[in-house]
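Presented below is the structure to which this report refers.
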Amino acid sequence: MAGNSFGYLFKITTFGESHGKAIGVIIDGCPPNIEIDEQFIQSELDKRKPGQSKITTQRKESDVAQILSGVFEGKSTGTPIAIIIPNEDQRSKDYSHIAETFRPSHADYTYQQKYGIRDYRGGGRSSARETAARVAAGAVAKLFLKQMGIEIFAHVCAVGQLESPNLDTTDLANLLATREANIVRCADPATANEMIELIDGVRKAGDTIGGKIATVVRNVPVGLGEPVFDKLHADLGKAMLSINAVHGFEYGSGFEGSAMYGSEHNDIFVQEENKIRTRTNFSGGIQGGISNGMDISFRTAFKPVATIMRDQDSIDTSGNSTTVSGKGRHDPCVVPRAVIIVEAMTALVLADHFLRFKAYKNEQ
Amino acid sequence: MAGNSFGYLFKITTFGESHGKAIGVIIDGCPPNIEIDEQFIQSELDKRKPGQSKITTQRKESDVAQILSGVFEGKSTGTPIAIIIPNEDQRSKDYSHIAETFRPSHADYTYQQKYGIRDYRGGGRSSARETAARVAAGAVAKLFLKQMGIEIFAHVCAVGQLESPNLDTTDLANLLATREANIVRCADPATANEMIELIDGVRKAGDTIGGKIATVVRNVPVGLGEPVFDKLHADLGKAMLSINAVHGFEYGSGFEGSAMYGSEHNDIFVQEENKIRTRTNFSGGIQGGISNGMDISFRTAFKPVATIMRDQDSIDTSGNSTTVSGKGRHDPCVVPRAVIIVEAMTALVLADHFLRFKAYKNEQ
Amino acid sequence: MAGNSFGYLFKITTFGESHGKAIGVIIDGCPPNIEIDEQFIQSELDKRKPGQSKITTQRKESDVAQILSGVFEGKSTGTPIAIIIPNEDQRSKDYSHIAETFRPSHADYTYQQKYGIRDYRGGGRSSARETAARVAAGAVAKLFLKQMGIEIFAHVCAVGQLESPNLDTTDLANLLATREANIVRCADPATANEMIELIDGVRKAGDTIGGKIATVVRNVPVGLGEPVFDKLHADLGKAMLSINAVHGFEYGSGFEGSAMYGSEHNDIFVQEENKIRTRTNFSGGIQGGISNGMDISFRTAFKPVATIMRDQDSIDTSGNSTTVSGKGRHDPCVVPRAVIIVEAMTALVLADHFLRFKAYKNEQ
Amino acid sequence: MAGNSFGYLFKITTFGESHGKAIGVIIDGCPPNIEIDEQFIQSELDKRKPGQSKITTQRKESDVAQILSGVFEGKSTGTPIAIIIPNEDQRSKDYSHIAETFRPSHADYTYQQKYGIRDYRGGGRSSARETAARVAAGAVAKLFLKQMGIEIFAHVCAVGQLESPNLDTTDLANLLATREANIVRCADPATANEMIELIDGVRKAGDTIGGKIATVVRNVPVGLGEPVFDKLHADLGKAMLSINAVHGFEYGSGFEGSAMYGSEHNDIFVQEENKIRTRTNFSGGIQGGISNGMDISFRTAFKPVATIMRDQDSIDTSGNSTTVSGKGRHDPCVVPRAVIIVEAMTALVLADHFLRFKAYKNEQ
């Protein structure tokens, strides 16, 4: 199957290239009678759109979402919800130089080989612009999950070698406000300032830098996840790895856990206020691939964006040496804009798994 | 959908619990006319089976595979290949104590909540025994990929804090031999010895320890991977994360790459012997989610096995405090036996993506 | 899964309600480098659109298709092709009377029960308007199949009790021209005239009438179809049965064949001009669920449209008796407009099966 | 995708060839805590097995089902249920003559062309023996549906030109008993006798004959079916058409309905005992692709089995003329044994749609 769909029961299919007429998504499987708050969808898109600050790309897109179907008198009908986002600020001539060139660490070469044809303008389908459609769909998923009190919170926990300290996650709503109060979307204000300074310097140097996003999901019912292959963390991992520039995913104790002993790693069950909880949470809220009610936690690693404002050696489509100069308007660091994409993909995974859980729920 | 299938065109469905009659798999979509070497399949299973050394579980299973269908006169027919592996050495009474208990960091609690019924013996479906079925299927996938010269090599690159140095991967066949020459399956002999000593000590202490497995895939054709959601590394990540005890996945530069600059991270294209290659390979052989012909490299992190030979506090199924004592025969460290599972899942992802690539291949 | 997608490798997802902003489709899996002839797509839509003749509904829609993605310099890129068709001539007030009523033999009652919410205007998602999106996608499928010389021809073979004689199908292009030369789309001119007269009379009486469509597919390569469940005729059957008002599907000898003897029903193989053919074709071109190279033939039965211009007893949404009067502008007989939908669904099934065949094709 | 799976949430995958070691099925998605009555499963298989009467094939198979997984203490665990049925009475030498021949109207030619390799013994995977696995799975589906009071009843309504009169379907349990009291499984005893005589004569003449099966499903909840493509009747149609020898499917008024007028065809809603029903039921219990609570009714047409006990002209695998003589032990008429397969496939469709309905059920 061509891989432009995500999810089984809450399923999305996206379309659109960076310099085409529009990008968009069809959501098939949003249950009926969910209030579809269009302003909320737009506000989510605004968190992703280009031109939002000095440390992101200076391209301007209003990313205005239009709902074409599936909503009646403000509520989902249970029929497919189509959302389109017209493209506006395309400077296709900025890309004419790459029609015949393969930019290093971009998808130019692989797309050309795979398809034999490539819409080179703005990177075509390989452009991160496509993720706007995911954010729109993720917003609808969030509206669905809202009923259940599920909270999703992501923030930039690292830029380059700068890492924020572990957060006190007691009050996610408060962390969200703190995060949105700075342009790098880190929920630790001190680190945020250092990050902004770092990215600004990188931008002036015509370079780019990577980063990491940490996510917490709270109030997930016990029982989400479909072993043995569609374990909840496996689907979260696939979701994150499908985002442009992601090179790593870990949940709970992650890579650090591989260096630990079982005696220190095991999460002991305790009974608290008539609920079963664990004393520690190295499991990241997921055991045997199924949610156990504790906070789900995971981290996503982003490589530095490949488009840098410096000349680089490369090969052209005839195989000859050439030079690629960075042109266009690009992000020095993608993670501030990626936070909302990570949240969107998280919402999509949870919405899908919630419906799968609902189908099989043990009624006895 | 219940999550017991993996893959789209080369699709496997597994079944079986640890103490049930048998475990097994149906492979639907193995192309016809592939030579099905039953001895090879058995040899792969032998690399996973319990009781193989002092540093793995002492349970004895012969894990003998029987092919029930889909093979005629030694070749695949294009019809489903069913393989079953009878269970033998089950000591169900070793588990009677956990019928009413939730073992820490196991799937007991989540399975009980999700299904309302739990085959507690040996962990039932949540047991890693299920992975034997995957290894059998992965062996068939390897036989299919063999025709294309694709080589898959995985080894234990870390146990606890012990890490092997980076390997010279020029000769994968040689590394394979070195790996199989020690019981921890690390391709660096010096580190292997240290690892064996470490695990043996952990075992004697009644504890367990985590580790990491590094994988290389060579000679992958350019063009495998289906953006935007079924990117090759996203499916590899999901595959690895679906393996018991896995908590992290990274490919190419991985988490380290998130701390790098674009100017140092980009892989420059060069022309070598009429082939396009890259000077470095931080991309791990995948760009824009599509293979570019360079070695694919990734690492999988395993937490320490949750079953330890020590008493632990826990909760019983009525919510009362209880003590769980470790009984049964368990691995102190899972990674030596997991190497072949990682290779199997890798083969399954590649086989599936190869068929998808073949379906859409640009003929012009 | 919500059922708005069709196909596996050549997969479409449609959206849109009769009185919403637009209807449309995403095609995911159209191979790259196919010439996308927009005029052809529009001409196919014109064969379905309302207001085309006196014997179809008098609603006017221009059904203008806009391609939003997946096409570059006139060719498919291998990325998703999104096509939208804005809605124009909606008289929503024509439907205010059914907001609270269940029209007989419509989907009003079942949609209300299933979803708990219903866009009643124009029948919402249950309206046959949705099929315009399928015709657009089917047109793209036809462009793909054209390369292989596959010919698809459908025509109205019955209206009410009027049946056309069996056609001489030697020259399908000629039959197509004959079909398009009359407004009922029957390829036998004499029967066509009788049919037009019959439908016109039915229309004047404020009633509706059913009919049947016969389809022939020529030059299908041997080997399409995926036993045991995705047999070619099983997927054709599902495709046809998914079209509004379809109540029956038969292929080859169909229902008549059930009354025959094996000795008279078997198709004897003969060698002709270095090709294997059959002397008769009761198999309808499909044996064991796989195409054998002979013409594929099948028939689709349509019930009479449920919206009649007469008063009918019914129930309102509170369960009380009420009267439904037929309002709005409806088809007296749906089959003239359905011919192109049948062809479109046929093309979609064949395109999908062709790609699946290509994935598994035996290279030895 | 290779087509050996059926269903989405209640999903089965079958394997096995006629003369291989065994046939079988994995059911993935049977909800937990369903009582799995193994005797019931066996009794269903006994209704399909060969050698059951003088009017069916004289091959002897005990078709004993073994459950290998997914059941614990008599109940489903929610994990995959694997059932295998060993093959016993294979006379492979009966088939040596067809290793090089294409039997008329069999799948020999198409399988050879598609796969390039063919297990010719007993027809390999194309043999109707595969349906035993479906019956086993259908039995589990029936056990699941039993809780909801859903009743499925099928019977032979036609053999050749002999048609049973329409039944009084008030008491389905009684009809079932009547059906099982004769070897042709027709619920009208008079017609049954005529059918038996007809088939016996056909058998003696070394010929075969076709037939039809009528099915009724009662007590289906309102709301099953997933428009626009996975309409309930479309999935039923695909299910039936996937059964060997099926050439036609119709539901409700079927092909006859295509000759009717809307004024006579519409089903008028009435309120009866606080339930909404329809006065007539030309809709066959399904409107807009969704069940409306009335009896679902459909008919499936079977062509005459292709293996006849007479010489026939044919082609061998080198393209030369040859003669095929009917050897082996075959059914003169397949419908008495197919009744249980039709019920099984019906149960599988309903189980799958019930879970899909459950996932999306409107809670408000």
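Lettered A, B, C and D in written order, each chain numbered from 1.
Criterion: contacts are C-beta pairs under 8 Å (C-beta built on N, C-alpha and C of every residue); 3 or more make two chains touch, one makes a residue touch a chain.
Keep in mind that this is a model prediction, so the values were computed, not measured.
A.B. asks: Hey, how far apart are subunit B and subunit C in touch steps, shortest way?
C.D. replies: Minimal hop count between subunit B and subunit C: 1.
A.B. asks: Call it same or different for subunit A and subunit B: same when shared residue numbers make up over half of all numbers used at their interface.
C.D. replies: Same residues, largely: of all residue numbers at this interface, over half are found in both copies.
A.B. asks: Over half of the contact pairs shared by residue number: find the pair among A-D, A-B or C-D that meets that against B-C.
C.D. replies: Comparing each option in A-D, A-B or C-D with B-C, the repeat is A-D.
A.B. asks: Could you tell me the distance, in whole angstrom, between the mean C-alpha positions of subunit A and subunit B?
C.D. replies: Here subunit A and subunit B have centroids separated by 26 Å.
A.B. asks: Cα centroid separation between subunit B and subunit D, in whole Å?
C.D. replies: It comes to 39 Å between the two C-alpha centres.
A.B. asks: Mind pulling the residue numbers of subunit D that touch at least two other chains?
C.D. replies: Correct list: 1-2, 4-5, 8-9, 14, 29, 32-33, 78-79, 114-117, 125, 227, 356, 360, 362, 364.
A.B. asks: Work through the pairs of chains, note which ones touch, and then classify the graph as line, ring, star, complete or other.
C.D. replies: Per interface graph, the chains form a complete graph.
A.B. asks: Looking at the complex, which residues from subunit B come into contact with subunit C?
C.D. replies: 1, 8-9, 29, 31-33, 78-79, 227, 355-356, 358-364
A.B. asks: Would you pull the subunit D residues touching subunit C in the complex into a rising list?
C.D. replies: Subunit D reaches subunit C through residues 1-6, 8-9, 14, 102, 104-107, 109-111, 113-117, 125-126, 130, 158, 160-161, 202, 207-212, 222-223, 225-231, 233-235, 237-238, 241-242, 247-255, 257-263, 265-271, 276, 278, 282-284, 287-292, 301-308, 310, 312-315, 319-321, 356-357, 360, 362, 364.
A.B. asks: Mind pulling up the subunit B residues that touch subunit D in the complex?
C.D. replies: 1-2, 4-5, 8-9, 11, 13-17, 20-24, 26, 28-29, 32-33, 66-70, 72, 75-82, 84, 114-119, 124-125
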